[in-house]
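Encoded as structure tokens, here's the structure I'll be asking about.
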Amino acid sequence: MKSTVRFSPGRVRVIAELTVLEAVRQRLFGALLALAAGMIAGALLLREFNFGSSELKFITDFGFGAVTLFGTILAVVTAAQLFFAELESRTALTLLAKPVLRSEFVLGKFAGVAAVLALFTAVTTGVLVAVLWMRESALREIAPEAFEQGRLVQYGSIAAFALLQWLKFAVVAALTLVVAGFAHTNLYSVVLSFLVVLICHLQYLAHESWQKAASGVARIAALLLAAVFPNFQMFNVGDRIAAGQPIDPAVLGGSAAYGGLYLAVFLVLAIHVFRRREI
Amino acid sequence: MGLVVLVLAATGWLGARIGRDAWVVLKADMPVLTAQDVEAAAGEGIMVGILGGFRAVTADFLWVRTNASWEDQDLPATQTLIHLVTTVDSRPLIFWINGARMIGYDMPVWRIDAASRAGAGMPGNVQARVFHEQAVAAIALLERARVHHPNEPLLWIEIGNLRHRKMGDLAGGAEMYRQAAEMPGAPYYAGRIYGEMLRQLGREREAYDWLVALHRGLPRDDPMAMPEIVLGRIQELEDRLQVPVGERYRPDE
Amino acid sequence: MIPETPLAVSIQGLTKDYLLSMRGFRVRAVDGLTLAVPDGKVFGLLGPNGSGKSTTIKVVLGLAEATSGSTAIFGVPSGEVRSRVDVGYLPENPNFHRFLTGRELVTFYARICGVTRARMRDRVDEVIEWVGLKDAATRRLSTYSKGMLQRIGLAQAVVHDPRLLILDEPTAGVDPVGSAEIGELILRLKAQGKTIVLSSHLLAQVEDLCDRVAILNRGRLVLEGGVDDLVTEKGRDALIVKGLTGPVADDLRAWLAARGVELAAIEKPRTTLDRIFREHVGARVDAREKEAGR
């Protein structure tokens, strides 16, 4: 008998591959992908309003909004669903009765979900870039004076946006796995995770208001919210890019480091919580 | 559970330090919401959208509705939506400038047409008052815009146009153009038009001095600067003002 | 009696409570269980539904934590992942990833258990053929019958050639023909020298398979011992004769009585309904399944 079972990236990869296969064969992924891509392509209808070069800002805003909204939904639902599918159907019983570390299971699930989210982000961003390219090319013919400095859309920044959003989705997925680790039903996991994600989007208000809060209870509540929940507005670089303003790589780096920190912490917490769970 | 909260709190503390510089930049991009803004937006039930990071999309969506109302010549709806859009997201200039144009140029025509269709024709003085009222409303919108964009010359130019064309106030319009022309990043035409406005006001000497100073600062290699046009106007003014040949402006000096 | 062969599974004073509500109500699923499963034997963990069999197995496999007591596999405490390196497990009413084919499932578990790439393909083919699912290997598991799911479950349990197999209710919900086939597979595994722990509430079905059994009821051990010892009636012998008529029976009774042996009863030997079913239905089911597999 081996003296110890070491952590195996190979086993993580096997579990991740199975997770990807399961996710892609589910209808939800295809539905959300089609919906997001459809919304982005639907932005082409904006040309009816003759906004001129501003139309590109609107397309970008709608595109970013679709990617962010549907990507967040996908992250929560897929992470919860794929995790719970194993527990509720008891396929986890067979798997965890093998020499598989609980950490390998959690990380394998996460890696699979992250791969699905990467695919989603890549496809929807690709559709957005294609739509923008088409419209920008058409608008350059119609109103060349607005394009005297060259193309207005910063495609490099859009790619950076996509990477940062994928990181955000990964953080959301990891957060969902923490919740799923102690939840008893899929529905509970999804609802609680969405609530936490909403709080994280509004965390910056708590951070600003805790000092201004009148009562001690309000101060403590605001301080707790600000301290415990991550600030998802740290990933909100889309507005700046859509307005055609450059993004400082240092800002992107700071946001990425922030996201990376929370990703690591949530994954560690998810493993810790799941280790104590009885199957 | 206690351990989890502690770990998250520690992460929050560390994360705040790691992301501090980035947050300063990102926070500056986020429009500040006043209590009035919150009240205005709350009535439309879009608070979660604007607070949750979907501000730009929400505003864009409302702007599309604004344009739909504008196509229908629905004055109350268009006016309300313009105010709502600029409340939700004050950053894009297109909302302020196009909104002001709708209020200042299109809405008076709608009002006059509506009166005409109702069988009550509007006498000329009443029409003038309508144009004046709408121009005042449009300028009020642009004054609000200047609070959010204190260094944006296009807003000054827009106010100047409304004062000049819709309120008949050439001097007031000229002053706006002057202020715009002196701001960093102002379009080249702002200086040219101010000079022309001074000439129309009969302040030809002032126009001449202004255009000479302007021409000296114009780049010669940028076609948008149109230095040859400015030079042409300087030479016209020199003839009108009968400036002695020896004192005339020489661009190369 | 302490077995002389090394222990495959050792359970010492195992107690497992489940918390039912926030107010602290607990239900005791296993109560002070002590068992020793010798290596190389088929050990039956028997008992009615709710007797604690599955809970005991979960604790042994490290899927649940003991409230008190200890369990070990080949001397390694169950809490350590390495205790499961040489273990294959077939859960009760197995539910596998329905979107996978039979081959994909077995390959997945082979990769998880560290079967080398070089051996992978051959080993997967081998175990699939061994469980008799070669013709159904490319079908999705969602199309499998109950018996087929049990057999593919066995395949994934043995693909990495473990020393110990733990089978939780392997014949539950399976018809007698399918149960017999699974029984034959189990005996073949025993012949290979594997240790098998078999949990079931269908006592008659597993009687022929086990060397030793432990019977649980309401979480407690009520009986343990070798199967032969337990089922053999002490102090009575049976003779099977042909052509016994009334007068001959009387003579026999008198002859035995003269030697101090009481002829307690004359009965017709009985087979089991299970065996009759298998004999008559088995052949037809075989043919139908093979046809469906195409």
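Order of writing sets the chain letters: A, B and C. Residues in each chain are counted from 1.
Heads up, the rule we're going with is that a residue touches a chain if its C-beta (ideal position, glycine included) is under 8 Å from a C-beta of that chain, and two chains touch if they have at least 3 such contacts.
Everything quoted here is computed from the prediction, not taken from an experiment.
Among the other chains, the CA centroid farthest from that of subunit C is the one of B.
Put simply, the chain closest to the centre of the protein, by Cα centroids, is A.
Averaged Cα coordinates give subunit B a centre that lies 82 Å from the centre of subunit C. Note: centroid distance subunit A to subunit B, computed from Cα atoms, is 37 Å. Here the CA centre of subunit A is 46 Å from the CA centre of subunit C.
Remark: subunit A residues 1-5, 10-11, 14-15, 18, 21-22, 25, 89-91, 93-101, 278-279 touch subunit C in the complex. On subunit B, the positions that touch subunit A within their shared complex are 4-5, 7-9, 11-15, 18-23, 25-27, 29-30, 48, 51-57, 60, 63-64, 67, 91-92, 94, 224. Against subunit A, the residues of subunit C that register as touching in their complex are 58, 61-65, 74, 76, 80-82, 84-87, 89-91, 93-97, 99-100, 108-109, 111-114, 153, 156, 166. Residue ranges of subunit A in contact with subunit B, taken from their complex: 46, 49, 51, 54, 57-58, 61-62, 64-65, 68-69, 148, 178, 198, 201-202, 204-205, 226-234, 236-240, 242-243, 248, 250-255, 257-258, 261-262, 265, 268-269, 272-273.
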